[in-house]
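Got some structures for you, see below.
Both of the next two complexes hold chain A, though its partner changes from chain B to chain C.
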Partner chain A sequence: MAIPIAPYAWHRNREGLGIWEGRGRVVATGVGTSPTARRWDEKPESSMGALTILAIRRAIEDAGITPDEIDGIVLTPESTTGVSNDPNAPAPAGWDSVFKMADFPQAGITRGDIDWILLNMPELKNVEFKMNGPVCMSVAFTTAAEAVSRGLAKTCLVVRGWHNLAGRYYVGQGAAALDTAAGPGKYGSIFGMPACATTAMVFEEYCNKYGKSHEMMAPFIVEERRNGLMNPDGYYTQHRPEMITVDDYLSGRWIAKPANIYDNDLPIQAALAVIFTTPQLAAHHKQKPVYILNHAQTRPELQGAVPTLNEWERASDRMGRMLYEGAGIGPEDVSFENMYDGFTLFHQFHLEGLRFASRGEKRGYALDLYQTDISIEGPNPVSPSGGNNGNGRTRWWNHRDCILQIQGRSPSQITRPAEIGISGAHVPNFCDALVWAASAD
Partner chain B sequence: MAFLISFDIDGTMEFGDPPGGVTVEMVRRAQELGFLIGSCSDRFPSAQRALWEAREVKVDFVAAKHMLPDIRSRFEATRYLHIGDRDLDQQLAEQAGFEFFWDHEGVSEPWLAWLEDHGE
Partner chain C sequence: MPNDLDRPFYDACNEDRLVLQHCAACNRFQFPPRAMCPRCGNPALAWRQLAGRGRIQSRVVVYDSPVSTLIPDQPFNVATISLEEEPELTMLSHLPGVPVDKVPIGAAVEVFFEATPATGQKVPEWRLVS
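Up next is the complex of A and B:
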């Protein structure tokens, strides 16, 4: 039977909904992260599926619970934004000697699959609630939050794996290799733009409007890499422990000016699993519970083939208002922000939408903020996780770090008390975000 | 008479990600024979320098890949060569007036024949 996705009504995508009914009734406890790799070496043991299983086992162990306590799982099935195999491609030789096969032959290889996980993790024998959080792990997190708050699951895994096949990520492969563009891609992809081009155009519009420049991004880029290199689970720490300098960043090759190569995140293999449960059940979990105060969603309401500055600002402003309304807090309550950064040039739209560290400014202040102390030691920690830019492409380092920061065990722990943090992904007008807190109040 | 070789790293050098077929030993040999050697890669310059230093190779230059023209203007040489694994390497090399070898061609060290061609 097909795994369902969350009903539309679960997504908080309008203003005026008031305090979220689930506020303080869902917590995160255990976190499990797999090792990373730049690309899959085509061995079953290092596949995206294998990493996912490992991450799940680590999350359960981290929470200090037993697998039979897990009664729900929410998973993001898409495991790349780049190239996948043909969905009907058979598994490689030797696969079935390591894993049991699900109906979908690419399960565990280029697509996450709950049934495949359950087949290969017999210890998860009490899972009743199964739901997909498509496209982005942010959706899986918000879906799981709703499921637990509604009593549909008591102890729920939230899972996403990422695959990265051998070869280059986008170039001449997948849709880019076809003679024609189909679906929504026919409106925007036929012009041959690299993925970061739309972000670059909006960023250019931003710079023109507010008198900013690409060079002003440098402190943010450097700080993110610094934070990422503190994370023992990050790709760069594990494989390329190289610190970037301002000069390095400014020397980067333009991919779509004003987006250079270092504004683009690096595709990797990795998996994350997180345990969501109720505050009552979390009492016997090993880790400190991190409360979810609210979640919210934006989706594009485009007036053309590509977004505009106005659309991104309106969408991220609305996200900020929705998050604060449902959580019952304001920007001044936020200790740190971990909004998405892949591509780096749209992070400031998210940040400004939250009015993070605003001194009354509404828009056009983030790049000035980047010139101040945005380090984890400073008063306004920006992206303390290091994000994709500091750890490799996953879209979940930011969420993971919100949990770890509030638990007081982030490898890049902020100096100021981590009471409330916000994370969300991905682009400013297609975003699912959550407010995480140390207490339910 | 100087010859200059620029090595791409990822997909070209043995320590690249992914690894390529050109070894550090080949680079050392070229340098010992008088070639000007270095790297032009999408790895940022400080990281390139660190990678070479970790292998105790004192390169003459490191630069971002699109800075091949700058390398050409900084060093006077009879022939300029870039070795890489992507169309982009070939494109940038040609634009900068460099000869170009694919990574798999570089494995046979074809630049050594230059010494004989030029009577070195």
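Up next is the complex of A and C:
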């Protein structure tokens, strides 16, 4: 039977909904992170599926619980934003001697699948609740928050793995290799834009409107790499432990000017699992519970070929208002923000929508903020996780770090007390975000 | 390559006309074509002709295209065009004839239609109004 996604009624996508009904009824405890790799070497034991299983086992161990306590899984099945295999493409030789096969051969290779996980993790024998959080792990997090708050699962895994196959990401592969354009992306693909180009266009509009420049991004880029290099689980720490400088950034090769190579996150293989449960059950978990105070969603207006600055500002403004309304807090209560950054050039839209570190400014202030102390030691920690830019493409380092910061065990722990943090992904007009807190009070 | 949904758009392009979907309930144009209005869900969208005028809203210069056939042309401009009738509605353009990285933001542009090399299907392009 097909695994469902969250009903539309679970979305908190408009203002006026009041305090979230689940506020204070869901917590995160255990976190499990796999090792990273740049690309898959086609060995079963280093596949996306194998990393996922490892991350789940680590999360359970981290929480100090037993596998039979897990009664729910919410998973993001998509395991790339780039090139993938047909789901029915054959698994490589030897795969079925290591893993049990699910309904389609690419399960565990280029697509996550709850049933494949359960087949290959017999210790998860009490899972009754299964739901997909498509596209982005932020969807899985908000879905799991609703599921636990509604009593549909008591102790729920939230899971996402990433694969990265050989070859250049997107370039000259699949539809991009053809001399005709078809499918939903054809209206843009005939113009030959790389993935970052839409973001770069809106960023350019932002700079023109507010009198800012690409060079002003440099302190943010450098700080993110610094934060990422503190993370022993991050790709750069594990494989390329090199700091970058302002000069590196300013001399980076253009991809779609004004986006250069450092404005694009690096595709990797990795997996994350997190345990969501109730505050009552968390009492016997090993890790401090991190409360979810609210979540919210924005979705694209879909009027034109690409979004406009106005749309991204409308969407991220609404996101800020929705999150604060449902959590019963305001911007002044937020200790740090871990909004999405991969592509780096849209991070400031998220940040400004939250009015993070605003001194009364509403828009056009983030790049000025980047010129101040945005480090983890400073008063306004911006993206303390280092995000995708500092750790490799997963779209989940930011969420993970909100939990670790509030538990007081982030490898890039902020100096100020980490009481409330916000994370969300991905683009400003297609975003699922959560408010995480040390207590429900 | 046209499909059943967007054939009116591409057929009009072959006649050098810009037609886009319009939702009467929202009084809003949209592009690319969709089965319904994403704002209100109205499936009864009308095809309406537009004047084919707009302004350059933003731009990028592509140095690393994923599309094999365009890689030899790198670097090249891609601009967003904001339509006169619906400024929030954007279309894309290579702005042929405009030097790379010299895109005049805010300049007036008009549509014309170019045949694509592989099939001869015409598609909208935009040029500066002299």
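Keep in mind that, in the parts below, the second predicted complex is superposed on the first by the 435 of 441 C-alpha atoms of A that agree within 3 Å, B and C clash if a C-alpha of one lies under 4 Å from a C-alpha of the other, contacts with A are read in each partner's own complex, and residues count from 1 in each chain.
Keep in mind that, in the parts below, a contact is a pair of C-beta atoms (placed from the backbone, for glycine too) under 8 Å apart; a residue touches a chain by one contact, two chains touch by 3 or more.
If you're wondering where the values come from, they're calculated on a predicted model, not measured in any experiment.
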| said: In the overlaid three-chain picture, which partner chain does A:T245 touch, first (chain B) or second (chain C), both, or neither? | reply: first
Where does A:P300 make contact in the superposed view: on chain B (first), on chain C (second), on both, or on neither? second
The answer to whether chain B or chain C touches more of chain A is C
What is the contact status of A:R253 with respect to chain B (first) and chain C (second): first, second, both, or neither? both
| query | Taking the superposition as given, does A:N310 touch the first partner, chain B, the second, chain C, both, or neither? | reply | second
So, does A:R38 touch the first partner chain B, the second partner chain C, both, or neither? first
| task | Check whether A:G112 is in contact with chain B, with chain C, with both or with neither, and answer first, second, both or neither. | result | neither
* Who does A:G192 touch here: chain B (first), chain C (second), both, or neither? -> second
Dual-contact residues of chain A, meaning touching chain B and chain C, are 171, 253-254
Contacts from chain A onto chain B in the complex sit at residues 38-39, 166, 168, 171, 239-240, 242-245, 247-249, 251-254, 261-262
Per the touch rule above, chain C residues touching chain A in the complex are 1, 3, 28-32, 34, 38-39, 57-71, 73, 75-76, 78, 80, 82, 86, 88-94, 101, 105, 116-119, 123
In their shared complex, chain C is touched by residues of chain A numbered 170-173, 176-182, 184, 186-195, 197, 200-202, 204-205, 208, 253-259, 300-311
As the complex stands, chain B meets chain A at residues 17-18, 42-47, 50, 63-67, 86
